[in-house]
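The data blocks that follow each hold one structure.
In the two complexes below, subunit A is the common chain; its partner is subunit B in one and subunit C in the other.
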Partner chain A sequence: MSHSVAAAAAQQGGARTLGQVERHDTLAARNARLADGDQLTVRVRRFDEGRGPELEHFQVPYRKWMRVLDALNWIAENSATDLAYRWFCGSKMCGTCAVRMNGREVLACWEAVEPDMTVEPLRNLPVIRDLVVDRGPFERKVASLEPWIERTSPYPGFPEPLSHRQMKHSSQALDCIGCMACYSACPVIGLGALTDFAGPAPLVQLAQTALDPRNNSEKVARALAATGIFHCVSCYKCEEVCPAHIPIVSGAIEPLKARAAVLVPAMARHSQILRRIVAARGRVDPGALVLGVQGLSALRNFPRMWRMLMRGKINPLRTLLGLRTAAARPARRLLAGRGPTS
Partner chain B sequence: MNSVEVLQTDVAIVGGGAAGTYAALNLHRANVGTIIICKGLVGKSGASIFAGNLVLGGRLLGNTEENARNTAEFLIKYHNQFLIDQNWARRCGEWIENVYYPELEEAGLYFRRDEEGNVVVSSGKIRSIAANVQGNSGVPFMDLRRKQVLRAGIPCLEECAVTALLRRPDGSIGGLFALNYVTGQAVAIRARAVILATGYSDRLHARSTGSREMSGDGLAVAWRAGASLVNLEMQWWHTNDVAHPPTWQRMQVYPNPMLGSPKSARMINAQGKEFFNQQQDDPLAYGPYTVQLKALAREVHAGRARYDGGYFAGFDHCSAGEVDAYTTYGKSFRQLGLPFPETLVETAVTAHYRQGGIDVDPNSMRSTVPGLYVAGGLAGHSNGLIGLATYDGMVAADTVRDELGRLEPGDFPWSEIENERSRLAALRVACSPDGIVPAKMKEKLRALMWQKVGLEKDAAGLRSALADIETFRRDLLPRMGLKRTLPTLNYEWLDAIDAINMIDVCELIVHASLAREESRGPFMRRDFPQTDNATWLAANVMHRTGNGLRFERRPYELPFFKPDFVRKDNLEVAW
Partner chain C sequence: MKFAYYPGCSARSTCAELNEATHRVAARLGLDLISIESATCTGARELRAIDPIGFFTLNLRILALAEREGLPLMTICNTCTLNLLDAHAAFLEEPGLGETVNARLSAEGLRYSGRTRISHFLWVLYEDIGLDRLRELVVKPLNGLSVAAFYGCHITRPPQRYGFVDSRNNIALERLAELLGCQPIDYSGRTECCGFHTAAHDERVAFKLTGQHIKSAKSAGAQTMVTPCPLCHTVLDGFQREIEKDMGEKLDMPVLHLPQLVGLALGLTPGELRIDRHIVDTSSIQSWRHIA
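So, the complex of A and B:
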C-alpha cells in the first residue's frame, strides 16, 4: 500500500507542479511509515495549578492514518485521563485543537502523528492547563476590529449583484477556522506589547469583510487603523502553518495593506516613502528613508547615526545630492499603476 | 464549587448553533433579554458547522415548479419517511424561499458565485448552493452567526454545560443550572422561559458524527424535567464516512450532487463493484443517505461489505478540476497523500442525526412542559437541515416573545439549585483502585450501543442492551471516579456528568426502538423487516410517568404526499 501510494504520488504532475508533488509525496510518506500496533513515543507538556510545566512521556499504539488528536484521545482514555486538551469537531472545521507538534503549529485533528513527537500548547496565548490556551486575547482582538459588513446602500434582494472576481480575496479568507496556529507562529506577535500588531489570524478575520466590496470603506478604515498591520515582516510563518492553506500574506495582509494605504495613508508612511525613494533613485537609500520617516529628529540620535555612517549604512553625500542609478527608470515603470500612489 | 453564581434574564437559550443563535438574534431584535449558554463555543462547536451545502426550495434561482415539488417530496419522503408535519414543511419551505436566503445575504454571507457573478447551483432534480465552498458551508454560516451575536452584544456563557432545568413547584420551568467547566464555577440562571437548542446529534455510538461535547444533554435534562419525547428510535446514519483515522469518522465522502458538475461520489464494494452512485441510482434523493444505507445493507447481507468498513467511496470517475472547482471534497484524500481523484478511501457507517427528539407542537415549538421551548434539531418533528433548524429557531423566538407577558419569573426554586449543586459535587471524587474513570464509561456505553443498538437490531439484542445498561447503572456508576479532583478545566468531571446523561438517553432510545415494531427508512428491525404504514405511519411518543414511561402512537396527517403501499419490505422501499 505505502509503496504504491508513494509511487503514484511521484508520478503525479511534472516540473510545473514540483512543489505540490513534493508536498503530496511527503504527506504520503508521513501517512505510510508506521504500521498498526507500532509504538509512538509521545511527550506532552503538562501544566496545572501547582504543577509544571513538565513533559510527560507516553507510549501510544499506532492505528491506521492516526492523527495527533487520536494519540491525545488514546492517552486521555487509557493513560492520563486527566489530560486537558480542547477539541470539538475532529475534522478541521471548528478550529479549536491547534497545538505545537515537534515545534510546529498543527491542527491536532488534521496532522499525521510522528513516531517520536512532543506536543505543546500554542505560544503567544496564556495557557490555562496542559494544552488548553485562553482564546480570550485573540477573540477580543477580532471583536475590536468589528468583523462584519456595514452596508452603505440598501440590500437589493437575493441574489445581489456580486462576482467571485470581486470576492476572491475575501473568499480565501473565509476558509479561516480561527484555529490560531498562525497567531502562535507569528514572530511579531511574539514581541508582545512592543508593537500594536493585530496578528495574522485577526487580520484574516478582518479580511473576510474588509476586502468584501459590499462593506462601508469608512468602517474598514476605522478597523484598519487599529491593526498595526505595517508591523508585519512578511516572513510567511503564518502561511506555512495554516491548516486551511490560506495565502495569509499575499491574499489577506498585502491586500489589506493596500487598502490601508488608500484609506488610512498615514499608516503606510514608511512604505510610501520607501516607494518614492525607489521610484526616484532606482535604489533604496537608507539615509533618505530615515530622514523621510523620522525627519530631522533622526539627527538627535547622534551615536546611532554615527554608527550607521561608520558601517557605511548611510551616505549623506549621496542622500543630499539625490543621486539616481540607471535602475530609476525601470523602477518607475514597474511601480507605475501598481497599488496606491500618493 | 461551593458558591453558585446567579444570573437573571428573560429567556435562557441552550445551544450556540444555527437554531440557538437565530432564536437569540430574533429575541434581541424584539428587545427581549437573552443569554446563550453553549457547551462548546458559539458558532464553532456542534453540528451546524458540518452543513455542506444549502438546498434550494421554492422558485429560487430559476427553480422550476418541478424542482420545488421535488424538494418538498425529498424532505417528506426521503428525509423523514413521512414522519413529519407536512403543513410545517410547507410553511418552512416558504420561509426559506422568502426570508432565509435574503436575511443571510444581507448580513454578509457569501453565496458562491462564478467569475461572472452567477450563483453556482448544482444540477439535478433538486438543486443546492454553497456558502463560499461546498463541503464547508456551515463554517462561514456559523461564523457569521457568531459575529452577529457578538455585534448585538448578546451575553454568551461558553464552555458551559447545562446540567439541569429548574422546575418551579407547579412543574413549569423557571431557569437552569450550568457548570462553567473552564473555571469550575456553577451558574444558576433564572429565566421566564428556556429554549433548548442542543441539536440533532449525539455521540452515543462507537462511530458517530457527533462532536466531542455531544452526550444527549438536551434530551436528558428535558426528560428529567418531565418533557415527552418522540421517535427517539429514528436514528439517521451516514453510509460513507471515512473509516480511518478514528477522529475522521465525521469526515464524509459527500454523496450529494456537486456544484458545477453533473457527477457525485460513488461507492464500491469489497469486490470492486459499484453499488451506489447518487445521480444514477436515485436522482431524487438529494441527500441520499437512506437510499445509500439500504444499498449498503444489501451488500452487507451478501458479504460484500461490513458496517464498520470493507467498502470504499470516492471520485475516481471525476477529474480533479471538476471536484476542486467549488468543493472541499478532495481535502481528506490529499491530507493522506493519496493520489486524487483516482484513489478511493475505505468508508464505514456512522451514527448521524437523530430524527426524533423532544415532542413539540411545530406551530409554536412548545414542549409538553410549561416554560420549556425547543429550537432546531432537538425537537423531534423533523430531520435535520440547517435551514429547517434556523426556521425553528425563529418560531420558538416568536412564540416566547408573544407569551412572555404570561410567563412570570415566579419563585426561584432554590432547593432544586442546591440539589443539583450537590449532585455535581458528588461526582468530583477520586477514583478508587477498583473504580472506573468516566472516559471508560463513555467508551463502554458507545461500544454497547454500536453492538446492540446499531443499524440493524432486534428485540433480543435490545433487551440485552437494557440489561447491560442496568448493570452500568447499578455496578459501574457508583464506582466512577476521577484522577484529578480540582474543579478547574476538569474534562473528567464533565465526562462524568455526560456519562450519566448518556446512560439515561441510551436507555430511552432502546425503549423507543423496542416500541416501534416495524422497519422504516434508516430504522431497521431484523424481527420486523416490513415498513408498516397501517400501524406505524405514526409518531412514537414517550411520556414520563410516576414509575417509568408509557408510549402513545399518534398518526400523522398526509395532506400533500402519501405512501403508495400499506406494508412492504423496508429494503424494497425507495425511501
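So, the complex of A and C:
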C-alpha cells in the first residue's frame, strides 16, 4: 500500500470512503480490470447427496461486461453440464439467482465477474444441490406471520384517503424481490436456533402489510410477537447486500419495532427502560440499564461487575443515587411527558 | 483546530479511559476540544426505533449546540456518529421535520439550520490533521506491532450513508495503523458486528459473534485489536472473560481504543493513555520494545 494513495484520499476528504477506489468497489471499476479473452479463475462450491461440499475449479474466458451468471452459464455449457443453479429473468426482477461471490451476497445476473472468484450457495438455508438452496424455512416463516391486510373498517371507495407519508415504509418494502441475500448475510440468523429472530427477509415481507395503516392491529400484534425483532443487532449487513436498495434496518425493522413498542409493549421493555433513563438523567447509565432490564438476575454477572468496578468502569454510587448530569434537564423537557411514539 | 467535542455516554462511563486518552492525544495533535456539557445521549439504537421524534430532537439539539459555537463536531463513538449523521440527513431531506424540532428547541433559544459538520476522530485524523502532519508527529513508531483493526458497523455501513458497495473494502484503519508503524492484519472479523446492541437483554448473541471475531484475529497473528468504537470495545474487552468461558478457550486479546494506539505512536505513555484500565491485560503492549 502506498502512502501517496492515502494522502490523495485524505486531500479529497476520503477518510470515510478510503478503499472504495483502491479496491475497485464498483461494477464498472471491476470490468475495467479485464479484457476480452482473459481467463477467469472460478471456484464453484459443489454439493449433492453423497458428494461434497467441495470447491471445483474452472477456467472461464472473459467477455466484455460479463456477469457472474454468464460465467455460470459458460461453465454449465462447456465444463460441468450437471451444475445446478437457479435463474429466470436475468434482469434483477425474479430474485432467484442470488449466490455468494467472494464472501458477499450478490445477484448472479447483476454482478460483474472478478478475475478470481469463489461462487457459493447462500448461507442460512439448506443446500439442495450445488448453488440451489431450499427456500422453505423462509416461506414457512413468512406464511406464519399472516402477511396480508385485514381491514377493520369498510372500504371507503377509490381513491383511498392515504398519504405518501403513511404508506412510505410499506411501499418501500414492496420493492423486495425475495432473493434471500439479506437472510444469508444476517449474522443473527447465522447463529441458528440461539434466538427466535425471524431475520431480515421475513421482516421486510411483514413490513409490506404490518406498516399499512389499514391493517388490523390485533393481527399485526400477533405477527410481531412471533418475530423476535429486538434481536436485530442493527449491523446493516442486510442493507448492504439488498439488490433492491431497501433500507431494511431504518425503513422496515425500526418502524416495525416502533409498532411493537405500542402493540406488544413487553417486547420493547429494554428500549423503554433506556428511554426512561435518558429522559431522567440525560445520558445512559450502563449500571441502571442493566439493573432495569435484568433486575436481580444481573447479579449473575457479579464477576464482570467486580472487574469493571476495579478498573473504574462503573460507578455504583452514581447508579444508585441516580445522579443527574448537565444533560438531564433538556432531556427531561424534550422526552418526558410524551408517549414513546407521540 | 477547534472542535465541539461529543464523547457520548460510553466514554463517560464504561470506557472513561477512552475519554481521557482522547484529550491527551488531542493536545498532542493540536486539537482544541470544546466540551458541550448539556449534550444528551443520541438515543442509541433504542430511542431511534421506538421514538423517532424524540430521537431527532436529541440529535439535532446536539448539532444545534455545536452550530451555536460555530464549530464542527467531533465524535468518538460509531453509533453516536451514525445517529447524528442520520438525523442531519433527515433534517435536510424530510419536509417539516426541521420546523417541528426547532419549535421544540426554541424554548432554550436553540435553532438548527443544518450547518454542523460531523466528524469521527478517525476522519479528523485524515481530513483535518492530514496524514503528512500526523507522520511528522509520530515519535515512537510501533514498528512491527501486529494490529487487527475492528471497524464496528456504524462507521462503515449503511451503504447509503458511506457509499461502500462492500464495506470490507474500507481500509482507513489499516492505512492509519501502517502509518503508525504497525503491521495491519487481515482477518474475517474486520467489518463484522460485535452484537453490542442486543447485549442489554441478551448477551449470548454478542458472546457468539465477537468470540468468532477475536478468535479469527488471534489465528491471523494479531498482538492487539484496535477499534474506533467504545461499544465494540465494551464487548471485545469488557465481555472477553465471559466469551472465553462460552467458547471454552483462552483468548487473552488486548483491545485498544483508536486514540490509545495513535497516542502510543505520538510518544504518550501507556499510563497517560489509561491502557491499564482495560479488563484484558495489556502488559504485552505496554512492554512492547518500542514503547517501553
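In this section, the second predicted complex is superposed on the first by the 287 of 342 C-alpha atoms of A that agree within 3 Å, B and C clash if a C-alpha of one lies under 4 Å from a C-alpha of the other, contacts with A are read in each partner's own complex, and residues count from 1 in each chain.
Quick note on the criterion: a residue touches a chain if its C-beta (ideal position, glycine included) is under 8 Å from a C-beta of that chain, and two chains touch if they have at least 3 such contacts.
Worth saying up front: this structure is predicted, and the values here are computed from it rather than measured.
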Which superposed partner A:312 touches (first subunit B, second subunit C, both, neither): second
Touched partner set for A:278, first subunit B, second subunit C, both or neither: second
Which superposed partner A:137 touches (first subunit B, second subunit C, both, neither): neither
Partner chain in contact with A:26 - subunit B first, subunit C second, else both or neither: both
First, second, both or neither for A:52, with subunit B first and subunit C second: neither
Set intersection of subunit A contacts, subunit C complex versus subunit B complex: 6, 9, 25-27
In the complex, subunit A residues that touch subunit C: 1, 3, 6-7, 9-10, 13-20, 22-23, 25-27, 103-104, 187-188, 191, 194-195, 230-237, 239-240, 245, 247, 249-250, 253-254, 257-258, 261, 268-272, 274-275, 278, 282-286, 289-290, 293-294, 301, 303-304, 307-308, 311-315, 326-327, 329-331, 333-335, 338, 340-342
Residues of subunit C that touch subunit A when the two form their complex: 9-10, 12-16, 37-41, 43-54, 57-58, 61, 86, 104, 107-108, 122-123, 125-127, 130-132, 135, 153-154, 157-160, 162-172, 174-175, 178-179, 192-193, 195-198, 200-202, 204-205, 208-209, 238-239, 241-242, 277-279
Interface residues, subunit A side, partner subunit B - complex: 5-6, 8-9, 11-12, 24-32, 48-49, 63-67, 69-70, 73, 76-77, 80-84, 87-96, 109-110, 128-129, 132, 135, 143, 146-149, 151, 155, 157-165, 167, 170-171, 174-175, 177-178, 208-209, 212, 214
Subunit B residues touching subunit A - in the complex, by the definition given at the top: 40-41, 44-46, 49-50, 60-61, 101-102, 105-108, 110-117, 119, 132-133, 136, 138-140, 143, 147-148, 150-151, 182, 211-213, 244-251, 331, 334-339, 342-343, 437-440, 443, 482-484, 486, 488-492
